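The structures considered in this document are given below.
Shared chain: subunit A. Partners: subunit B in the first complex, subunit C in the second.
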Partner chain A sequence: MSSLSLDFIEKLKAIVGEDWVVQGEDLVASYVLDETPPPIRPQPHLDVVVVKPDSSEEVSEILKLANQYNTSVFPRGGGTGLVGGCIPTASGVILSFERMNRIIVDRDNLMAEAEAGATLRDLLNASDEAGLFFPPHPGDEGAQIGGLIACNAGGSRAIKTGVMRNYVRGLEVVLPTGEILKLGGKLLKNNFGFDLMQLIIGSEGTLAVIAKAWIRLYPKFPATATLIIPFESRTTAVKAVPKILHAGILPLALEYVEKIPIERSAEHLGLKWPCRVGESFLIVILAEQSNEALYSQCERLLSLCEEFGSLEPLLAESREEQEYILKIRSEIYSSLKPDMVDILDATVPPASIGFFMDEVERIAKRYNTYLPSYGHAADGNIHVHIMKEQGWRMEDYDKVRDEIYAAAVGLDGTITGEHGVGAVRRKSVDKFLNPTHVKLMKEIKRIFDPKNILNPGKVLP
Partner chain B sequence: MNSGLRIIVLIKQVPDIGKVKFNVEEGRIDRSSASLETNPFDLNALETAIQFKEHIGGYVTVVSMGPPQAESSLRDALARGADRAILLTDKFFAGADTLATSYTLATAIRKIGFFDLIICGEKTVDGDTGQVGPEVAEHLNIPHVAYVCEIRSATLDRLLVVSDMGDKYLIEVKLPALITVTKDINTPRLPTLRNVLKAKKANIEVWSADDLADYGELCRFGLQGSMTTVFKIVFPSEEGRRGLIFHGEDAVEKLVEVLRERGFIA
Partner chain C sequence: MSSLSLDFIEKLKAIVGEDWVVQGEDLVASYVLDETPPPIRPQPHLDVVVVKPDSSEEVSEILKLANQYNTSVFPRGGGTGLVGGCIPTASGVILSFERMNRIIVDRDNLMAEAEAGATLRDLLNASDEAGLFFPPHPGDEGAQIGGLIACNAGGSRAIKTGVMRNYVRGLEVVLPTGEILKLGGKLLKNNFGFDLMQLIIGSEGTLAVIAKAWIRLYPKFPATATLIIPFESRTTAVKAVPKILHAGILPLALEYVEKIPIERSAEHLGLKWPCRVGESFLIVILAEQSNEALYSQCERLLSLCEEFGSLEPLLAESREEQEYILKIRSEIYSSLKPDMVDILDATVPPASIGFFMDEVERIAKRYNTYLPSYGHAADGNIHVHIMKEQGWRMEDYDKVRDEIYAAAVGLDGTITGEHGVGAVRRKSVDKFLNPTHVKLMKEIKRIFDPKNILNPGKVLP
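Up next is the complex of A and B:
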């Protein structure tokens, strides 16, 4: 028997229409999970109703109603999160934005107006068709704009082009109490009042529901290439990263991967990792305004490779070959997932990744386990995977995770660079975040959401 | 020139077919809408040649007919391991159908002189005919095998190959011969950065119609030598997904009606 009253459900139907209210455990099942690895995934509450609004006004009406009935509301994007951020932890309403997926590109202002439910793929395609470019690649292309912004998604291109936060110029949000608020817009400068928009970006659906966003676009990079630089050891690969940046080369992405996980990912896809030598690799994506600029960067990179003793680098220039490499890199997570306990995203100052990875190796030895690590080397954002392999004992999970966090924080880093806190990292907040910081966050939450109906059980301890 | 197989690989520069847009009203490909790249099947042909060179020795000449910008595909082929690159470019070659194209390529091969093996991709992604390779072999009067998906064995005078024409055929062919290869035959390697940069400065031989005059008839090149003309290209229209929700007792009947209207059921 649902704890949601019939009266409440009827009122939801009156707001969005009967077709857009989904009930029943079977039908809501595909709306209650995300990509969080099952061993650490919170148990979703199945006493929920999925509601699919078509406008900010409908979202507003739903939130007013939820407030009136003291019912929790869980906004949901593409369900690609890794920390259980959209998993319903109580009975309530799941807000699904699949109907709000419109995108209008304003070529003159180089800006996209995108509704929350448009996917990253939709945004990339719409920008491309308008002859423009959305530079960052903040994760899975099935992720939705609302979720990407709510989680301030990062991804592999942050080194050159920043994270989601750097591209959002305006938001239309609905407060938990139902007011619709427009923050910013197609503006490149705006100093009027506290920047509430930036506060909401990255608040993981706890302060307001994002309904629409104005996102900055850029001209395309006409010349791109992807290099694979193989190394005999991790130490030489990691040491090469700051040297590349010092030399004035600012790649679109600079990724670190190791032989076992990257070959496992290729095999998982039925493909072959194109580099036949090396144990560790840097994947460097260059994006420039002309072929001349691109090849001049390539020349510099080749002489740098000789200087830091890499093996022979490979170069992919065609779209298909570049995508082939990127595909293998992007699917490492999926290939490891069946044996994965957790994917961490601790981040350290970029120059410290060597120390961080050394420490992770020591932790792996100490617990006699395998902790494959790869990621956004130039951002200092390395994904360490805790795996159910090599004599893993689940009772060690908290200790292993906390030792990795402590290593990152000890290097002036953070426990999460891009995945956020969600439900899974919540218990680490008190341990690794300054108490005054936590207190201010709680106060802010109270102001925005006095009845604590919006995404409860997330972020705040 | 090394001992081993003397191989000629025929390549074509094509628009990136994954990105290219079609002008539906005018029935043509909008070539300016996408970047240019080497026909993907031709990379398999080149990889086959390079593997022959590595295993039994050889010398790989790569030939392309096209506008001057096709030079970049030849440089790419040099970076991937080809030894010599020849570009056939001339306004007299323009407007060629598969017959005129294959005649021009065969004429260039006559000018090159000795060869043991010619390798092509099974087709180009912009033309999709699969005719040029076998036609080149016919012009040169040599045996040919199309859709080769596997090389079982190779010596300096014969090949044992598997041809995939729906069913698979094991075929022995005496050299000199021509084969066209499918994507299944191999995974083309990536060039090294060093070789790409070296190939940027390499010499590409450029041959015009006049350069071929002693080896073929000029009137069989280009538009003049073409027997077919493309009047228009027709594109199938794409229909997006649509969701319909049926309610009430007659929901099934309504659904059946819609499926019948659309021709999904009789």
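Up next is the complex of A and C:
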């Protein structure tokens, strides 16, 4: 028996239309999960109704109704999050944005106006069709704009062009109390009052529902290449990273991967990792405005890496070759997934990733386990994976995770550079975030959402 | 007779040392003004004491004391603001950061750790000495880091690399209640909790005192050039701007200036504007990683502008030649200053600057006045100057300003892209900012500063 009254459901139907209110455990099942690894995924509450609004106005009506009925509302994007941020942890309404997926590209302003439910793939395609480019690649292409912004998604292309936050120029949001608020717009500069848009970006759907966004696009980079630069050891690979940046080479992506997981990923795809030498690899995507600029960057990059003892590099220039490499890189996650307990995203000052990875190695030895680590080297954002294999004891999980966190924080890092807090990391907020910061967060939450109806049980401890 | 008790002053001296507490109208006189044009500058309160802390801890003690005594505190940067943001509008303490001016550059992390009182000039020099580069040029080089961040300064180099916000990676702030809070750090990614750092950036010293910042630096651009591209008319010059960006040319700066003010500025400096043709000019700074890339951008830029009817361009490559041009550009403000009533910074979507300037021209005609306009064309951020000359009637000021604002807002713009609200634009907050936005701002202010002691009378209406 649902705790959601018939009366409430009828009113929801009156707002969005009968077809767009979905009930019943079978039908809501695909709306209650995300990509959080099962061993740490919170149990979703199944007494939920999925509602699919078509406009900010409908979102507003739903939130007003939810306030009136004191019912929780869980906004949901593409469900690609890794910390249970959209999992309903109480009875209530799941807001699904699949109908709000329109994108208009304004070529003259180099901006996209995208509704919350448009996917990253939609945005990449729409930009491409307009002869423009959305530089970051913050994760799975099924992720939706609303979720990407709510979680300030990062990904592998932050070093040249930044994370989601840097691209968002305007938002239309609906406050938990129902007011529709436009913040910013197609503007490159805006200093009119406190920047509530920046506060909402990264607040993981707890302060406001994002309905629409204005996103800055860039001209295409006509010349791109992907390089794999092998090294004998992690130490030398990692040491080369700050020197590359220092030399004025600002790649679109600068990734660090290791032999075992990358070969496993290739195998998982039925492909072959093209490098025959090396244990540790830097994957570098260069993107420039001309072939001359590209080749001059390539040359400098390779000669610099040679100084650090790099082995025979591999250069991919055709689109197919580049995609082949990136496919293998991007599937490491899937190939590890069956045995994965958790994927961490602690982030340290970029020059400290070597120290951080040494510490992770010590922790792995101490717990007699395997902690494959790879990721966005130039951002100081290395994903450490806690795995079930090799005599793993689930009772060690909290200790292993917290020792990794402590290592990052000890290096002036943060426990989450990308994935956010969601439901899963809330305990870590009390442990690793300044209590004054937490107190201000709680008070800000109360201002925006006095009845605590919007995505309760997330972010705030 | 001062309203500040002897007891209070003695306690201030006990915190920072007797030498660093300055009293008396003569001695405080240089601490109570900023660059706001006199006709609209608020009257400073002269019953103030200037206090010069040397550390975050001293700032914290001062704020605790001020809370206890219910005394206002006005943090002050380089005094280069244009809206009275640091002018003491009540009796109280002026916090001056001249002793907190240390900068440490961390070459491996491409970051500067700068105290609030370090100037923009200090930062540019320290970066240069470390072989690195701080790309934006947000205004006067005497501006201080704390003020630049508090006001999210913009300037002429936002198009390629963004405004101050994009460079700030960490802050050490002191809350009005005295707690010291570190937010972020030498981190390129951080999603741990609500991003209070982003909220504080641009809050104009009303939510927290910025004591220290971690600022991202970049490799130097070895190849730079400055071009002046003349056009017969504003219309064609302005039309070329979005096409330049579209073509993949991302200059460091893309400024629009007109003949009368730029020639007047040159004359004011005893120099000569080097262009003999044209009424309207684009000044473009290109900055690239190699000469090949620079020349290829130059060529494309010039051939594209030719399609829009540009006249004989002028290319400056030597440092001296480039500085000559930029000096004339940057002194337009000073040359206009004696007759200036106000300098506006309304900002519109970049592709709308032509429409905006047409509207400004109509307003000028309607009030029979001269409204020289120039600025950061590619950012949609054109500075309109309200001038005293040519039969100006001061009683028209409010109307002229508000009509310009209304024109910007009508084009989906904002009334302030750079200068902020300060003391001067508070009335415009009520008029042009969404009341829900204002309400949230007031409630956030109350959370951070329950006794309203920090920079009262600013930003909030």
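Basically, the second predicted complex is superposed on the first by the 461 of 461 C-alpha atoms of A that agree within 3 Å, B and C clash if a C-alpha of one lies under 4 Å from a C-alpha of the other, contacts with A are read in each partner's own complex, and residues count from 1 in each chain.
Heads up, the rule we're going with is that a residue touches a chain if its C-beta (ideal position, glycine included) is under 8 Å from a C-beta of that chain, and two chains touch if they have at least 3 such contacts.
Computed from a prediction, not measured in an experiment: that's the story for all the values here.
Chemist: Is A:L207 touching the first partner subunit B, the second partner subunit C, both, or neither of them?
Modeler: Second partner only.
Chemist: So, A:D19: does it touch subunit B (first), subunit C (second), both, or neither?
Modeler: First partner only, subunit B.
Chemist: With both complexes superposed on chain A, which partner does A:P274 reach: first (subunit B), second (subunit C), both or neither?
Modeler: After superposition on chain A, A:P274 lies in contact with subunit B alone.
Chemist: Return first, second, both or neither, reflecting whether A:S127 touches subunit B, subunit C, both chains, or no partner chain.
Modeler: Once the two structures are laid over each other on A, A:S127 reaches no partner at all.
Chemist: After superposition on the shared chain, which partner residues are touched by A:I228: those of subunit B (first), subunit C (second), both, or neither?
Modeler: First partner only.
Chemist: Between subunit B and subunit C, which one contacts more residues of subunit A in the superposed model?
Modeler: The larger set of subunit A residues in touch belongs to C.
Chemist: Just subunit B (first), just subunit C (second), both, or neither: which does A:T119 touch?
Modeler: The answer is neither, since A:T119 touches no partner chain.
Chemist: Should A:S318 be classified as contacting the first partner (subunit B), the second (subunit C), both, or neither?
Modeler: It touches subunit B, and subunit C stays clear.
Chemist: Answer with first, second, both or neither: which of subunit B and subunit C does A:C298 touch in the superposed model?
Modeler: first
Chemist: Identify the residues of subunit A that lie in both the subunit B contact region and the subunit C contact region.
Modeler: none
Chemist: Taking the complex as given, what residues does subunit C use to touch subunit A?
Modeler: 106-111, 131-132, 151-152, 154, 158-159, 162-163, 165-166, 175, 179, 181-196, 198-199, 201-203, 207, 218-222, 242, 245-250, 288-290, 292-293, 296-297, 347-351, 376, 378-381, 412-421, 429, 432-434, 436-438, 440-441, 443-444, 447-448, 459
Chemist: Quick check: in the complex, which residue numbers of subunit B touch subunit A?
Modeler: 16, 18-19, 35, 37-38, 40, 76, 79, 187, 189-194, 196-197, 200, 245
Chemist: Give every residue of subunit A touching subunit B within the complex, in rising order.
Modeler: Residues 19, 227-228, 271-272, 274-275, 295, 298-299, 301-302, 305, 312-321.
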